[in-house]
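First chain A sits with chain B, and in the next complex the same chain sits with chain C.
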Partner chain A sequence: MNDAGLLIKIKEAVYSGNLQEIRNIATEQEVQLIPGPKILEALTSGMGMAGTDLYKNLKSVPEFLFSVDTFREIVRICNLKGKSCGDNNKTVLIGVAEGEVHDLGKNIVGAVLEASGFNVIDMECSKTRDMMLDEIGNLKPELLALSAMMSTCIPAVKDTVLWVNRMYPQVKVIVGGAAIDPDLAAAVGAHGYAENANGAVNEANRLLGL
Partner chain B sequence: MPDNETLLEWIRICSGIEGKGLTDAKIHACIQDAASAVIDALELKAIIRVETIISKRDDSICGKSISIKSANISRMVSLMSDKVTMYVFALTLGVEFDRLLKTRMEKSLAEALFIDAAGSFITEYFAGQLENFAESGTGKQRLCLSDRFSPGYCDWDLRAGQFEIMNFLDLSEIGVKMLSSSMMEPLKTITGIIFASDIMPQKNPCSFCNRKKCGYRRY
Partner chain C sequence: MNLTKIASALSKGMMPPPREIPEQILKFGASAISLRARATPLTSVERVFASLFHRQPDHVPVTPLVCSAARQIKGIAFKDLSLDGELAADVFYSGFEFVGGDMIVLMLDLSVEAADFGQKMVYPDNSTAHPDYSNPVIKSIDDYSKLKPIKFDEALRMQEFLKLCRSMVRRVGLRGLVGGFVFGPLGVLGMMRGAEHLLKDCVFYPEKVRKASETITQVLIEYVQAQCDTGIPAIAIDTLYASASGLPKKLWEEIEGPFVREISRAIKRKKLMVGVHNCGHMPYADVQLKWIEPEVLSIAHLPDDCHSDFELKQKYGAQAAIIGYVSTALLCHGTPQQVMDECKRQIDVMGKDGGFILAPGCEYPPNIPLTNAFAMVEAAKRFG
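Moving on, here comes the complex of A and B:
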């Protein structure tokens, strides 16, 4: 099969969330010869279609996540993580508020942002405000994405956003999670708010002018 | 344990595929696998302690060793008879569930979503079983039970409520610890209270409240 045919198969496998199909494709020798950016372009295109279906309620969240899983699998197999994703090469630092232990939502948002062409760096849990500020200083992301599931973490979100705005005014901040709504996001000083993973992509694009 | 069909249905609803993808064999197999994995990982533990309410104020109610600071819950309790008892409980699915969720998150976010939904449902299911236990504990008196309330409900402050319960129950007995953020580990842990009295005009304080669109409103 030629490159164009393989790229179409990759795009379709990601769109339909067919993990087995992507594993089969990834083991084909021809795929190893296709430049990484070309594969990422096909992956991003498949994810874009899946995201549109989710937005239009044609795909459920789990079906969409199967697409994300498929995307992650070929990125892992073909060692594409951190490679150029076409014209979007923005870095997003993502984490949960200090004291927060729930990170499933954060991981989903991170995976979807990555599948949408962002370079995502995950801070994992248990990061204090100062550790996050250090990470921003070192990694120089364009965007910080922060989530909180429980209301007890809101003071930590507010404190972190306050210091990010003071020390790194060029960094845009989006917040989300069960404990946060658009009014609260504005009140803590965040530049944007996302209700879900798809919303996070739209908000990141808006804030970064993409 | 909840029956298998109820559990699978709940996972479908919680993960957002109600009415969609029901015939998709891949999704069904994945949900079934998640349910089985969660059941295998269960290390269910619970602790329940009974306290007699000795004072009712406008903004709080007090037992000998625990107080609940909530004007709305106080108002509900003030309508009960003089003798009110309170069941204070904590329940956890255990650390193995956390490990399972973490492992699945690395492998598949879809599977992790199903695992998380199954864990939430099973936690709620067993909290419901504790209500049954409390009901049986009222013995021949056949007292009325209130709804179940967890810290953070209505005007009961989450952080203050968690600390009260942590100080009242020995959570280490069931392997639960509270973090400085007042969140608990393991992840699927629930704490709460249930009131018992022979007179109970209101089972919850929602009728005193004007927030008609509150997501936690009970009717």
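Moving on, here comes the complex of A and C:
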């Protein structure tokens, strides 16, 4: 099969969340010869379609999670992590607010940002404000993406955003999650708000001038 | 109609099980109350009762769902609220006394049932109790079938919740309607497996999830029946996964639908009313009404098949009274005036001819001042 055919198969496997199919494709010798950015472009396209379908409620959350798993699998197999397909090369630090235990939304947003060409660094579990500030100091991201599902975490979001704005004014902050709406995002001092994964990409592009 | 049961409850100053009274009599009573509302103010119970039967009350009933937020009034810690039924009753009752409202829903936290199934918990100082997700009960697919029913008498947190119900029924009496609460079987499983894993398991291993749901449902039926025996008149079933935040509609019907129907029927056999609470994004109102047949529907967002509040009331208002749905984000950042404006907007659209109870979409945010809860109560009186 030629490169174009393989890339279409990769895109379709990611879109449909077919983990086995992507494993089969990834082991084909021809795939090893395709430049990484080309593969990432196909992945981005497949994830973009999946994200749009999730936004339109044509794909369910579990179906979208399979797309994320499939995307991550080929990135792992082909060692593509951190190799942006786009020309933005921007780093996004993503995490949940201090005290937050729900990370499903953060994982979805992280995967979509990654598929859109951002270098995404996931803080994974909940971190304190000071730990986040340390991470920003060390990793120097252009953007911090913070999620809160529980309203009990809103004071922590506000506090974190306040200190990020004070200590790292060059870092843009977007917030999202069930406990937050656009007005609340503005009230806590965030630069942007995202209702869903697609919105996060649009906000990131807007804030970083991409 | 069991007159002895009704008389016994009333003689103790408690609400009798509403469904002990035949439907026709209830409707006639609601009409009579509605007629009287034109001349004199109603009591909270009368107001809720008229609205539940789609008759116009004196003003829209309101419940600001001040649950754990009320711990601020007496300075009770989150942990004590979670683990001690009497202290929890102090919290809920002080919220009712201090802020007001016509109805109280005993939403404690979502891990009461899971904790009794052995889920390791975290009790933070400044936040709601939650599972320790680094140590879930269900670590792999095989663990679903290992889940065994628990001895209900030894279920510490559920037993404390029953104490809360009993205490609130006694304290509130006929001054308001006190509703119980139960998390649906998938919600309980989510607490013991983690949402992301559970959602995937539902697709790949539906039989295993169903088997575990069956085990949990056995216990939940015992739990809701025990809640019914405390004297509460209604119980809300939380069906979070029946929304676009959870499972596809058809899959939810296949996995959780039959089990929540069993729970609902167990409540109805005790002659109580059933509510549904779902704070997921785009809840599936149609299938929840089909499987649960509730009297009330409490939501935080518009259902997947409704584009406006007006459509929500038109489509589902006749089947169930709508409870909702002021945004909790607005309660966090809005001024009391903004909150009252939003309440007025919702009352104008959904309040006509009863069938609407003003409330937040979910529990009043626990860590913010109570000012906006007062704004909601005031809005119901002013604009309802």
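Keep in mind that, in the parts below, the second predicted complex is superposed on the first by the 203 of 210 C-alpha atoms of A that agree within 3 Å, B and C clash if a C-alpha of one lies under 4 Å from a C-alpha of the other, contacts with A are read in each partner's own complex, and residues count from 1 in each chain.
By our rule, contacts are C-beta pairs under 8 Å (C-beta built on N, C-alpha and C of every residue); 3 or more make two chains touch, one makes a residue touch a chain.
Since we're looking at a predicted model, the values are computed, not measured.
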For A:D53, using the defined touch cut-off, is the partner it touches chain B, chain C, both, or neither? Pick first, second, both or neither. neither
Kindly classify A:D183 by the partners it touches after superposition: chain B alone (first), chain C alone (second), both, or neither? second
Give one of first, second, both or neither to describe whether A:A111 is in contact with chain B, with chain C, with both, or with none. first
Figure out whether A:C153 sits in contact with chain B (first) or chain C (second), or with both, or with neither. both
Which superposed partner A:D122 touches (first chain B, second chain C, both, neither): neither
In the overlaid three-chain picture, which partner chain does A:E21 touch, first (chain B) or second (chain C), both, or neither? neither
Per the contact definition in the header, classify A:E12: touching chain B only (first), chain C only (second), both, or neither. neither
On chain A, the footprints of chain B and chain C overlap at residues 60-63, 65-66, 99, 101-104, 107, 150-153
Can you list the residues on chain B that touch chain A in the complex? 15-17, 20-21, 24, 26-27, 30, 101, 105, 108-110, 112-114, 116, 152, 158-159, 179-183, 185, 187
List the residues on chain A that touch chain C in their complex, please. 57, 60-63, 65-66, 99, 101-104, 107, 150-155, 178-181, 183-184, 187
Quick one: in the complex, what on chain A touches chain B? 17, 19, 60-63, 65-66, 68-69, 72, 98-104, 107-108, 111, 150-153, 156
Show which residues of chain C lie in contact with chain A when the two form their complex. 122, 124, 126-128, 130-131, 133, 195-196, 199-200, 202-203, 244-248, 251, 279, 281-282, 304, 327-330, 332-334, 365-368
